[in-house]
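Each in C-alpha cells, the structures are laid out below.
Common to both upcoming complexes is chain A, partnered first by chain B, then by chain C.
Entry: the complex of A and B
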C-alpha cells in the first residue's frame, strides 16, 4: 500500500514540479489573499497582527481548494482516471499518494505564507513546537478530507462550484482548531493549544481512515 | 422492480397517513392551547420562553432526520436496497427543513432574550454548519447521474458529513467555552404542566416529521418509477422504429 502511495505521490509531485502550476499559480494566489486581507482590514490598527492566525489558515484553506482541484484535474484528460483505476495499484495507496502529494504542497505553502505574514503583517512567530505540530496534523486532515471530496467531485461538470460547498463546511473544525492553536502559540500560552491538536488529530485520523476504506469505491463511480 | 422490505407506494396518500395527518393537526391544536394559554410565562424569560415548545421539538425531529439519513445511507451501502436509499434522501430533505425551523425559531427567541438575532453560541453555530453540510448532501443527490452512481455518491457524502458532526460539535463548543461560560441554561426546575406540554410538543413534532417523511418518501419513490418507466418506454419506441425500418428496407 505504501509503495503504491509513494508511486502516486511521486507522479503527482513530478507533474507539479514540471508544470509549475503550484509554484506559478497557487502560491502567488495564496500571497495575493494575504495582501487582499490587508486591504480589507486596516493595516494601521494592528488588526492584521491580531488576526494573523485566522487569516493564515483561511489563505491555506482557499489554496487547499485549488490544490485539490488541481490534483484531480491532472487525471481528467485522456481517461487517465480509468488508467489509474486499471493500473492495479491499491485504492488505499492511490488515496494516500494523492493526499500525501496535496499535503506536501500545502506544507510548502504554509512555509511560504508563514514567511509572508512575518513580512507583510509584522507577525512574530513563537511556540514553534505547537506551531509545527498543529500545521502537520491540520495539513494531513485538510489533505485527506480534500482528497475524498476531490474524487467525489472530480467526474462532475459542476466540480468547481461543488467542491467548496462540500469541503468548506466539513473542514470548518480544522480552521477553528488550527487558528485557536496558532493563537495560543502566538500568545505564549501553548498549554491552551494542545487540546486543539488532539481535536485536529482526531479529524485527520477519521478522514485518513475513511479514505483508506472508501476510496476504491469512490474512484469506481462516474 | 419490487422490494421485499416495507411497503412500496402506489400513491402519495393512504388511509393510515391521512389519519396520521389529522392526528398531527389535532396535536398541534392541543399544543397551541397548552403552550399559549394554559401554561404560565417563565419566571425569568417571560413569554419568550414559550418558544421552547416549538424550538426543542423541531430540533429533536431534526436530529431524528439526520440520524435516519445516516442509517439509510449505511443500509444502502450494505444491502444496496433502493428502499433505504429513498429513506435516506427523504429524511435528509425533511431534516433540513426542520434544521431551518430550528435556526429560525432560535433566532426569533434570541432577539428578545439576548438582544440579537445571531450570536456565536455553540449550538447556533453547530446547527448552521449542519445545515450547510446536509445542503451539500442534497445538492450532490440532485445531480444528474446513473441511479447506482447517484446512490453511492450520496451515501458517501452522507457518511462523510456524519463523521464530521461530533468534531464540529466539539470544536464549536470548545471555541465558545474558551470565551464565555454557560450562555444559557434553562432553569432545571420545570413545572409539571410545562414539562407535559414540552413532551407532547416533541411527540407532535415527531408525528408531523413522520407524516412529511412518508410523503416525501412516496414522491421520491414514484419519481424514480416514472423515470424508469420513461426510459423503458423510450427504449421500446426506438426498438419499434428499428423494426419498422427493417421491414421497410428490402
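Entry: the complex of A and C
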C-alpha cells in the first residue's frame, strides 16, 4: 500500500513540477486572497492582525479546493481513471498517494502564506510548536477530506461547481480548529490551543481511515 | 454455470452489459482460447468497445455467464481481480500530458508490478527510447501518443490483450510493429482480442473473426474473411432471429458490417 502511495504521490508531484500549475496559479491565487483581505480591512490594521489566523486558513481552504480539483482533473483526462482502475495499485495506496501530494502542496502554500501575513498584515508568529503541529494535522485532514470528496465528484460533469459545495461544509471543523489553535499560539497562550489540535487530529484520523476504506468504492462509482 | 474449459480465457454466454439502461451487450456468446488472436468487427455502436471493457472488468455483466481468465465478471470482486491480468488499449491514450514518454511508461509499468528494465525494453520495442523519450506527451503527435500507450501496454505483460482499434493513428512502421507485437504476444501464450474496422489488416493477423452487431454475435466464421461470412446461412439465421427478437429492419446488420 505504501509503495503504491509513493508511486502515485511521486507521479502527481512530478506532474505539478512540470506543469507549474501550483506555483503559477494556485500560489498566486492564495496570495491574492490575502491581498484582497488586506485591501478590504486595511483602514483598521488592528482588525487584520486580530483576524490573521482566520484569514490565513480561509486562503488555505480556497487553495485546497483548487489543488484537489487539479488532482482529479489529471485523472479525468484521456482515460487515466480507467488506467488507475486497471493498474495493480491498491485503492488505499492511490488515496494515500493523492492525499499525500495534495498535503505537500498545501504545506508549501502554508509556508508561503505564513510569510505573506508577516509582510501584509504585520503579524509576528509565536508559539512555533503549536503552529507547526496545527498546520500538520490540519493539512492532513484537509488533504484527506479533499481527496475523498474529490474522487466522489470526479465522475460528474458539474464537478467544478459541486466540489466546493460538498467540501466546504465538511472541512468547517478544520477551519474552526486551526483558526482557534493559531490564535492561541499568536496570543502566546498555547495551552488553550492544544485541545483544538486534538479535534484536528481526530478529524484527520477519521478522514484518513475512511479514505483508506472507501476510496476503492468511490473510484469505481466515479 | 457450465464449467469453463481449462485453456479457455474468455467465456461469454448470453452475457448482458448495460450502459445506463441500454443493453450494450445484449446476450453475447463468445469463447476465446489461450493463445488465440480474435478479431472483433462490426458497425459503430455494435458493442465492440463495450465487449473489450467488459472483458477488462470495467463494466459489469448483469446477466448470463461471463468468465475471463477464470474470473466471474458478474462478481465485483472478480472483476477487480481480473483487471491486473489484462491490458486494455482503448480509444483514449491513458497518458498524462505533463509527463514525458518515459515517465508515463515507467509509471504504468510500475503500477502493475513491472520493473524499470521491462518498461525500458517496451520503450525500445516501440522505438521510443531515443529523442522522444524525454518529450512531454502533450507535445507528441497522435501516432506518437498511440505508440506510447502501446509501450505502456507491452510493459504490463498481460495474459489477455484487449486492443481497440490498435492501428488507428499509426504510420506504416507503427502498424507493422503492432502486428509483430500481437503475433509475438500470442506465440508467447497471451490471448489477444482486437476490435477493428480495418478488417484486412487486423484479419491478416487474427486466427478468426467474430462479427457483432446490436450487442450480440452475428456470426463467428472459421477464418478472417468477413464478407463471405455475411452470406452464410448461419449469419442469415442469426440476423433473422435478432430481427424477430428486436424488431430491427432486415438490412441493418448486413449493411453495417464491412
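One rule holds for everything that comes next: the second predicted complex is superposed on the first by the 218 of 222 C-alpha atoms of A that agree within 3 Å, B and C clash if a C-alpha of one lies under 4 Å from a C-alpha of the other, contacts with A are read in each partner's own complex, and residues count from 1 in each chain.
Basically, a contact is a pair of C-beta atoms (placed from the backbone, for glycine too) under 8 Å apart; a residue touches a chain by one contact, two chains touch by 3 or more.
The structure presented is a predicted model; accordingly, all values stated were derived computationally and were not measured.
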Exercise. Quick one: classify A:85 as touching chain B (first), chain C (second), both or neither.
Key: second
Exercise. Go through the superposed model and pick first if A:189 touches only chain B, second if only chain C, both, or neither.
Key: neither
Self-check item: Which superposed partner A:172 touches (first chain B, second chain C, both, neither)
Solution: first
Practice problem: Tell me which partner A:203 touches in the superposition: chain B (first), chain C (second), both or neither. | Solution: first
Quiz item: Which partner does A:124 reach: the first (chain B), the second (chain C), both, or neither?
Solution: neither
Quiz item: So, A:18: does it touch chain B (first), chain C (second), both, or neither?
Solution: second
Quiz prompt | Chain touching more of chain A, residue-wise (chain B, chain C) | solution = B
Exercise. Report, in rising order, the residues of chain A that make contact with chain B in one complex and with chain C in the other.
Key: none
Quiz item: Which chain A residues qualify as touching chain C in the complex?
Solution: 4, 7, 11, 14-15, 18-19, 74, 77-80, 82-89, 216
Exercise. Mind listing the chain A positions that touch chain B in their complex?
Key: 145, 148-149, 152, 156, 158, 162, 165-166, 169-170, 172-173, 176-177, 180, 192, 195-196, 199, 202-203, 206-207, 210, 214, 217-218, 220-222
Quiz item: Where on chain C does chain A make contact in their complex?
Solution: 56-58, 80, 83-84, 86-88, 90-99, 103, 107-108, 110-113, 136
Quiz prompt | Of all residues in chain B, those that touch chain A in their complex | solution = 129, 132-133, 135-136, 139-140, 143, 145, 149, 152-153, 156-157, 159-161, 163-164, 167-168, 170-172, 174-175, 178
